[in-house]
Every structure is written in structure tokens, then in C-alpha cells.
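Chain IDs A, B, C and D follow the sequence of writing; residue 1 opens each chain.
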Amino acid sequence: MDLAYTPEEEEFRARLREWLAKALPTLPPKPSPEDWPGRRAYDLGWQRMLYDAGYGHVHWDASPTTRLIFLEETETAGAPYVGASFVGLLHAGPTIAAEGTPEQQERWLPPILRGESVWCQGFSEPDAGSDLASLRTRARRDGDEYVVTGSKIWTSHAEVADWCELLVRTDTAAPKHRGISWLAMPMSAPGVVVRPLRTLAGSAEFAEMFLDEVRVPVGNRVGEENDGWRVTMVTLSFERGTAFVGEVVACRRVLRSLAVAARGNGRWDDPVLRRRLGRLNAEFRALWRLTQWNVSEAEVSGGVPGVGGSVFKLRYSHARQELYEVAGEVLGVESLDLERGWVLDRLSSLSYTIAAGTSQIQRNIVAERILGLPKGR
Amino acid sequence: MDLAYTPEEEEFRARLREWLAKALPTLPPKPSPEDWPGRRAYDLGWQRMLYDAGYGHVHWDASPTTRLIFLEETETAGAPYVGASFVGLLHAGPTIAAEGTPEQQERWLPPILRGESVWCQGFSEPDAGSDLASLRTRARRDGDEYVVTGSKIWTSHAEVADWCELLVRTDTAAPKHRGISWLAMPMSAPGVVVRPLRTLAGSAEFAEMFLDEVRVPVGNRVGEENDGWRVTMVTLSFERGTAFVGEVVACRRVLRSLAVAARGNGRWDDPVLRRRLGRLNAEFRALWRLTQWNVSEAEVSGGVPGVGGSVFKLRYSHARQELYEVAGEVLGVESLDLERGWVLDRLSSLSYTIAAGTSQIQRNIVAERILGLPKGR
Amino acid sequence: MRFQLTDDQLALRDGVRGLLSRRFDGEALRAAVDSPGLDRGLWRELGVAGFFALRVPEADGGVGLGLAEAVLVFEEAGRVLLPGPLVATHLAAGVEVGVVEGEVVVAGVDPGGLVEWLDEADVVRGDAAGAVALKSVDPLTPLHRVPGARASDLDPVAVLLTAAEQLGTATRVCELAVQHARTREQFGQPIGAFQAVKHLCAGMLVRAETARAAVYAAAVTADPVDIAAARLLADEAAERGARDCLQVHGGMGFTWEAEVHLHLKRAWVRARRGGGGAESEELLAVDLLA
Amino acid sequence: MRFQLTDDQLALRDGVRGLLSRRFDGEALRAAVDSPGLDRGLWRELGVAGFFALRVPEADGGVGLGLAEAVLVFEEAGRVLLPGPLVATHLAAGVEVGVVEGEVVVAGVDPGGLVEWLDEADVVRGDAAGAVALKSVDPLTPLHRVPGARASDLDPVAVLLTAAEQLGTATRVCELAVQHARTREQFGQPIGAFQAVKHLCAGMLVRAETARAAVYAAAVTADPVDIAAARLLADEAAERGARDCLQVHGGMGFTWEAEVHLHLKRAWVRARRGGGGAESEELLAVDLLA
């Protein structure tokens, strides 16, 4: 049991750090949140830089520890997020790599890695919510095409995506998990309409997607027909692994800056607040250790993250919300000012106990799959 | 909307206060907790004093506000608890008064009011728990007697009780709520065995009761055969009304003494603790107001307490546990010393979220009966 | 003792609820979010209805009612997220000309340095010199901050009326959550049939009803310690209630169109009035030694 | 980085668990409750097994292992509620004669003024003059209090080993709750099928596993700030875990015969070592400005 890195890992870290120090100053200015084409160009440009420097594959084939180091160092250095490349690199890409034919892999994977294509995700539906498998978007077979009709929600980057990894119902008579297929849908296909979805933070990070008789070639299906749920689970479990490394690093930085702010505005002298900050320090230190623990476990088990991700997500999402609660206390009246970046982050953090499985669903998963408690009737 | 008492109520309070000042000094010394005969005599003696002074009926036919005043004043004056008379005055008695025949009322009620008989409650069973209606103690009809076999748990004062209000299953084929009857069982009947039950507080406040072919006359049944569940609900809802008035008064006194103790040992200077005490003050003030609200509502509705009792119990049981958490912080190392009365009270308070309907059950009740949410499948 | 609403109080509450449901329903709320700014017509209607004159003695041309009635009215205003500097204006009735008629909008500088609706105000009470505009987290409450400056001590009545607004939010978000939980289906049944959702809703009701008893009692006694308790419980009921309501709504609650985020944001703004709850906690602590 | 138990560590843990399950099972626990007093035979067996010599260098006749191994062993001790002044005696190994062999029982005066097992101790470290016996809430831990006197600063290793014991309790109460929830039937199904019970159990596991990561990491780094974090999380996991375990058990958990109250009471005693968590919180706060 140790927390030391191997010489190879330390060397990887040193080289990466050196490269980041050189590469980051060459980045173009960050586009505004509303400038979707600008954001696409910026995010793909960053992926291209990583690719050229030999880091393009890091999310795919590096060891869990190497990924941990990569995410820790890029976040610490203030490098861009994965952004528009997120679904391609972390959802659709790994799915195609695991389940696609050699032709499909050849067609779709290199552009993702080279920062040439943007994917979005068409899983969630307004009426499905936490019960993802109850999705209703229909795909009717017509010769060598599927004809798709329905609607999707919470689709990031839909405005500038080339492709959508789409879950559709191909058998309405089968049990709900058995009639689903996974399609790669070109976003340029006729019948695809994207409408921005404004969140409570006031921004349009997400979109709704309406599909009206959209024709998708059967050759765009990854995996067997009606086997899409299993294919999807591969993708989702991939997401759970090191998904929050960068965020934990960022939260620890926010927490330190909160302490500095509190010292600056006098709130530090309030022991109630000071000790809450201390407790949050314990919390995020532990979450970092839990990350290291889970990564080490994945290393041993061959890289497949287990249900331990639910344990982490439950604790982390509540810790993050508590962090911004305390930020509100530190900032006082200024916590009502959207010009302070923290306030927007506080609003975003409200989704953490909901998105990607509500805390209620996560507790069911922990209770049933880890603790072996029976399902309710 | 007011918090003022009528001249009649104020007069009742003044007379009671005057009487308490004279009566309490005449009480015999309090017996030790293990001295069951002594406790019986003490508790019945107190009820007799109340009876002689004209307060014997107060739990039964006084208005809710008068009961509130009675409970507030007796607790404030440090008068004894209802003790061994509890089941008779607050469970079995009201049930008999509401559902018994004139003969049954004549036989059982006057001795309760005069402090001459002790009743205990045979409802809970080890295998039933929160699912009270699943009780299994069987009563087989044999001529004009029932023959009762089974076991009961959490029976207070069983050691010194004359009578037990007993729930038995008289129809095993009927749905579980439909096959239950309510019997008055003499504790002297052959086949009744009482065994003290030690709680985590180390004391034997409760007992288990084993019934082996105990013969109970059919004439001891209150209400119709198999109608015992409805009869019981009358009893239980009666309990909910002003059940916690004395306790809230007591908690507020404990809280004030905690503040004094904190000032004495220096913990008052810790603002974290001080503000927790302040918050608890808000909590118990609100609980007192909620009591007054519920009592006023009962006054309007003719004295039948509603499901609002669940709202109160949920909030109160958690507040009481928090009170003793904070007491632990105030007392520091002394919170580990059973010689301090608070520590035993802390242990007892652990049952508050369990006994008489767990907080989980109470939340179901609030959600389903007040908010109208659907029952789960 | 009759600690229940009187028939007159019930009638007053129903009347205000009726007026607000006609003049400021869900559609009007959404319209106000899209185009901020105070509706002076509505303000005058509030004046005519006696919203500001409520506690002004009849001899001075007011309605002559008391704190209890004011609390009921502010609870209704909180329920529907009625915009505007209601508390500051109400407190200026009988002091500033034109207030009772709803002709004048009054902003006040809060002890915490916060000013709501400064740019819309005809009269500003307290020293707002050097006020800086914030980009308000609540789209329905424009905010300024007065750096450094602290006005005089907070009026306990202002604290109580704010608590009444919080109570309105706490009640409303519980209703919203229950409505959603009854109708939204997941895994083949309404989500309200799941214990986890049920218990979130039960917790919201328990907090709201406890806060209600505290707020109404403080309105009857006008005691500063009672008011401090009411404030703490109402803030908790509103903030946690809105959070839990959002959780019950899931993704739907995270959209701009849902009403719930407006309640959460307003609850945050109200909880900041007077600089937060620490002083109330201290007051309640000291009371224990009295 | 391999932040997982090594094969040797797994073997050590299993060995200790085996020893304790043979020598201090549920029956022995109940017997110890009924007749308090330290089992000197068991103490010597612990000595022979290396419980006290664990971190003494091999050159000095010890086992020569480190903090990580000590944490695993104390976690097992915490799991079964092994009685005795384990931490104080372990810390005296290599300092006081006879400790490593399990011949000598050592009590220590805690900075909070608490002394465990004073009457059974052969050696007392710190000034226990004027110690007053308490009627201990934990039937398995006799307690004295030294009024006024405060010993020197708390040894961070003592804090860490206590946190390891708390982790043992947190893990064990989660198992107990799950066992009960799987088998106890109410309303026609195991109570573990109800979401409310499920979620209590899930919360217990989440707290225990988070505390585990913090405790193990602190054992690797031996950093006082890591240890402070481990302590806060382990105290929380043990105390709230035992509380929730009791809640899951319902009335059955409220009996003297159930194991759960012993865990809760021991968790209270351990949480008091070093005078509570406030100092750890302050240390962690100051660390943020470093």
C-alpha cells in the first residue's frame, strides 16, 4: 500500500508538465460561452495539440494511473477541458473501439483522436429521466436504413456536432432493455432539429434535439440490433472511472482560494466558518485519496472501473454542493453576484446530485449491487 | 390568531399551580427505578392525589387547551410523570370509554381514575415490529373463553400491572387488519409469564410477556370480534394529541441548564457550540408553538388529533436527539459518565426515532395521508 | 387560546391569494423574468388592496390591522414570488407620502449592505451612497451593494416579514414537488410512490409546518427572540425546501422554464437580508441565559 | 502508485481477523460485557501475535512493520470491539519493559483528561494524580477523568490508530445493518427492499469507504494534516454509522443483547480522545492557507 509513483510515471508527469508549460501559452484566446463555432475550434485545436504531442490517446489506452497523472497535471496547469471532444473521446469513441467493426473503427476513431470531429450524445429523453431504458425514440427499418423519430434532451454541443451517438428503440414489443439499438447519426441528416435548452444558470450549455423521420444507414449501427443497452453500459461504465479527477483538483484549488478570500474579508475570524472550511479540507483530501484508491483498484483489475464509482459520485456531488454553500457564507452579499465566477459554479453544482444518475438512484445501486440488498417489489 | 388564554383557562392554571405548590411537598420519596412495587405505589398514589383534588379526569374530558395547561404546569412544577397509570389513563381507558359496554366501563374505568389499577399494553411482538398488524398471538375461541398463546414485547410496567390491553389474532384467514381483537387480560391469569427486557440504557423499563394457553373470558373483549384494529387506532390516535407537551417543557429546561453549564465550564466561549445552542432554542421554541397550534386545532375539531401528530413527532424526535448531541459537546469527557443524568437521557432519546412508529414510517404517513402521494407497489 | 387563523384572517388570505392569482400568475411570473422591471400598475393595485396600508391605523387612513395579518399577506407574496421591494415599502407606509396608495416605491439599505430595487425606487431609506450594481443571481430582484457602509440595526418587523415570504416559498415548493411526484412516472409508477421521493416531500412539509408555527407565533408576540427563531426556521424551510424540490424534479427542475430555481434564488436573496442568521443564533443563545 | 493492500497486508489482516474471531467472538464479547475486567491471557496472546511489537524494529526484537500495518490491525480490533488500552500499550512498545510480550498493560492520560483502564494498568503514562472514576457509558471501557490536568500534546499516531478503530466500527455496523435488513421481514418483504432502509445502508457504506481511503492514506504519509482528516471522517463514519445501524435494527437494536449499542458507545469514547475534533478542524483550516 503506497502512494508513490513509479519512475516511469514520474517521468511521464515531468515530460507532460514541461510540455504544458510550453504549449499552453500558444493557445488562442478562450472564446465566449455563447460562441459555439469558436468553442468547437478551440476545443478541437487543443485535442489536435495533444495528438501532435503524443497525448491524443491518453484517455483510451493509458493505464489508469497515467490517466490520473494526465488529468491532475492538465487541471493544475490550467489547461482547457476536454470540451467538445468529450463525447467522442470518453463515450462514443470507447464504445466504437470496443464494439464497432474494423471498418467503423477506421471511419470514426482517427478523426476523434486528431481533433477533427465532434460527437454529441442522444441518450436522455424528456419522458425517460432516470429511467433511461424507457426511452421512446423509434427507429423503423426501411431497407438498409433506419427511419428515426423522437426527441432527445440534455445534449451538449449539439449545435456544432458532426455525429450523434443515438439510442433508439428498434423493438417496441421486447422488454424495455431488450429493444434498444445504438446508432451513429450524422447531425447533418435531414429531419434533425436542434433547439438550445436554457438551464437555471441562464446559459445554454445543453440542447434539445427533435428527430423527424431521420434516415440513418443500417451500417451506422454499432453492435447487434436490439443489443444497444449492453453496448451503452460499456460506454457509461467507461465514463465513471477517472471522470472526476480534474474536478477534485479544481475543488481543492477553489477551497484554498476561499480560505484566502475569507482571510481577506475578515470572515476567517469566525470560527464557525473557519472550521467548516477545515472540515471541507478533510472532505476533499479524502475524496482525492478515494480517487487514488479507485484508480489503483482499476489498475489491478485491468482498467475496468467498478461500482465504486457510485460511492465516489455520491460523496463527491454532496461535497461539491457543500463547498459552494460555504462559498456563499464566505462571500456574504457577493454570493448573490453572478459576476463572481463561484456563483455560476454554485448553480451548476446543483445538477451534480441529479445528472448521470440521481443520488437516489446511486444509493439504490450501492445498496443493491455492492451491499446485496434485495430489490423492492 | 392569538396565544392568550381565556380567563377560565388562566384561573384553571392559577388554581392548579397553587395546588401543586401545596401537594408536591407531601409526596413520599421517589422510589428507585428497580423498585417496581414502590414505583407502582408512588405512581398510583399521585393519581389518587390528582383524583381527590379533582384533576383525575383531566386526560379524558378536559379541553385540549386545559390538558396543555395541566401538562405544562405539572412538568414545570416538577410533578411526577403519569408513570404506571400511563396505559390506563391514555390508552386502555380511553379505548374502553369509547368502545366498551356500560358494564365494561363501570368495571374498569373508575379504578383507573382513582389510582387503583395498573394497565399495561400487549401490542408489539418481536416478529411484527413496525408492521404491528402482522401480529401473531393467537386467540382460539373455546366456549365463552378465548385461549391465548403467543408473545409480546416492549411492555412497560408488566411486572406490576393488573390488566393488559391485548391485541390477539382471532381470524388467521382474514386479511391481516381484519382478524384482530382487543381483549382485557388479567395479568394474574395462569400462563402469563413476564421477563424483564434490558435496554441499551442498561435498565429494565420494558418487559417481554409470554402467553401460554391463557384463558380470557369473551366478556373481556372490547368491540366486536375481529374489529380490534379499528378499536386500537382510536387508542393510538388518542396518544398522539398532547403526548409530548411535558417533554417539550422538559427539553427547554434541559437546554437552559446546558447553557448555564457551558458558561460554567468555559465552553460558552466557543461560538460554534454557542450558536448550536441558539439554534436549538429556535427549534424548541418552534416545537412549543407547533404544540400550541395543534392543540388549538384539536380544540376546533372537537378534540380528535389529526395526522399533524406525525409532523410533530418527526421534528421533535430528531430535535431531542440533537439536544443530547449538543449536551455531549457541552459536557465533553463528562458526557461519557452515566452518573450524569443527561447521559441516560441521551441513551433513551435514541429510541425516539424508532418507538411508536419509526421516522421512516412517520414519513410515509406524512407523505401518503397528508400530501396524498401514492403508495408504492 | 386560539392559535389558529380567524375567519377574518382566512378571508384576508384568500382575498390576497385571489388577487395575486389574477394579477400575477405563472404566466406573469415568466413574463417578469423575461422583461425585468417593476410593474407600477400592479404596485398601485397592491396599494388599493391595502398591501402597504395594512398596519397603518384606521385613524390615519390605513387598514388598521396587525402583524399577524401582515405576515399572512407577505406569505402569499412569497408564494408567488411577487417582485419588488415589498418589505421596505410596507415599512415606509405612514412615513413616506404616497406609499399607502402604491404610488411610491421605497428601497431600503439593509444592515448587510444590500439594496434591492435601487434603480426603481422613488425613495431610498438609509445611505446608499457609493452603491455598486450586482449582476443579481435572482432575475426578479435587482441588487446593489453598498461597500463598507452599514445602516442602523435591522428592524425586527423587516426580519419577520422576510420570514413570512420564506414561509410562502417553503409551502409553495412543497406543493410543486408533490404535484410533480404525483404525475411524473418513472420505472412504471409515479415517482411519488418511491420512498426516497416520498421522504424528501415529507421533510419539506415538516420544515414548512414547523416554520409556520414559529412565524405565526412571532407575529402574535412581536418578541425579538421569537422573531429570530422564526427567521432561522423559515430560512431553512425555504432554502432546503427549494433544493429538495429541485431534486424531486430531476433534470426538469434544472431548466430555466421551471419555477423552482426562482424560488431557490429568491430564498438565497432573502436569507442574506440582515447579513445572515448568525446574529439571530447569538440572540437565541443569550436568551437561554436570561 | 499501488494504493491497495499488498498480499502481505491482506495476509496480516486475515491473520488478525482469524485470531480475533477465535479468541474474541460474539460470545466472548457478551461475556466480557457481563463480567468486565481485562483478559490477561488474551493480552499475552496479542503480545505473542505481535500486536504490540508490530512497529518495533526487528533489530530491537520487534516485527519491524509500519503504520500501514498497525492501522490494519487496529481496524480489526475496532471491528470486534476488543477491550483494553490497546493504543496506549501499543505506543509504549519498545519504551516500557514487558509491553511487546503482552505482560504489561499501559494506560495513558489523554490530553482531554481521559484515562481508560486506569485500574487495570501496570504502567500509567502521564500524570493521573487525582483521577476520578466515571461510571462509563461503555460497559467495556472503564474510565477515569483527571480534573484540570492536561497532559502533553496528543501523539498523532494515537489519533490515527483511534481512527483505525473507528473505521473498524464503521465497517462492522454497516455489515450488521445489511445482515439485519436482508433477513428481517416487515410488510411482507425484507426491510432491505425498502428504499428508506436501503439508503441508510448506502450512506453507511459511503462514509465508511471514504473514511477508509483517508485512514489508509494517512497511514502511508504519516502527515499530521492527513491524520486530522482521517480522524474527522472516521469519527463521523463510526458515530453516524452506529446510529443508523440502530435505526435499521429498530426495536431489536434498542436491546442490551444487540451488538450495535456497544459500537455506538465505544465510538463515543474514542471520539472523545484528544478532546474532540475541533483541533483537527482548525489544523485543517490553517493548512488551506499554507
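Convention: a contact is a pair of C-beta atoms (placed from the backbone, for glycine too) under 8 Å apart; a residue touches a chain by one contact, two chains touch by 3 or more.
Note that this is a predicted model, so its numbers are computed, not measured.
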{"item": "Selected interface, C-D versus B-D, where C-beta contact pairs are more numerous", "value": "B-D"}
{"item": "Furthest chain, CA centroid comparison against chain B", "value": "A"}
{"item": "Euclidean distance of C-alpha centroids - chain A vs chain B, Å", "value": "53"}
{"item": "Cα-centroid distance, chain B relative to chain D, in whole angstrom", "value": "37"}
{"item": "Chain C-chain D separation of Cα centroids, rounded to whole Å", "value": "49"}
{"item": "Whole-Å separation of chain centres (CA-atom averages), chain A against chain D", "value": "39"}
{"item": "Junction residues of chain A - those touching two or more other chains", "value": "270-272, 275, 360, 363, 376-377"}
{"item": "Numbers and ranges of chain C residues touching at least 2 other chains", "value": "194-197, 199, 278"}
{"item": "Arrangement of touching chains [line / ring / star / complete / other]", "value": "complete"}
{"item": "Complex contacts: residues of chain C adjacent to chain B", "value": "1-6, 9, 68, 174, 178, 181-182, 189-190, 192-195, 197-199, 201-203, 205-206, 209-214, 216-217, 219-221, 225-226, 228-230, 232-233, 278, 280-289"}
{"item": "Partner chain D, residues of chain A touching it in the complex", "value": "1-6, 9, 65, 68, 255-256, 258-260, 263, 271, 274-275, 277-279, 281-283, 285-287, 289-290, 292-293, 295-297, 299-300, 308, 311, 314-315, 360, 362-364, 366-368, 370-377"}
{"item": "In the complex with chain B, residue positions of chain A that touch it", "value": "270-272, 275, 376-377"}
{"item": "Of all residues in chain A, those that touch chain C in their complex", "value": "124, 126, 128-131, 134, 153-154, 197-200, 202, 270, 272, 328-329, 332-339, 343, 347, 350-351, 353-355, 358-360, 363"}
{"item": "Complex interface listing, chain C residues touching chain D", "value": "194-196, 199"}
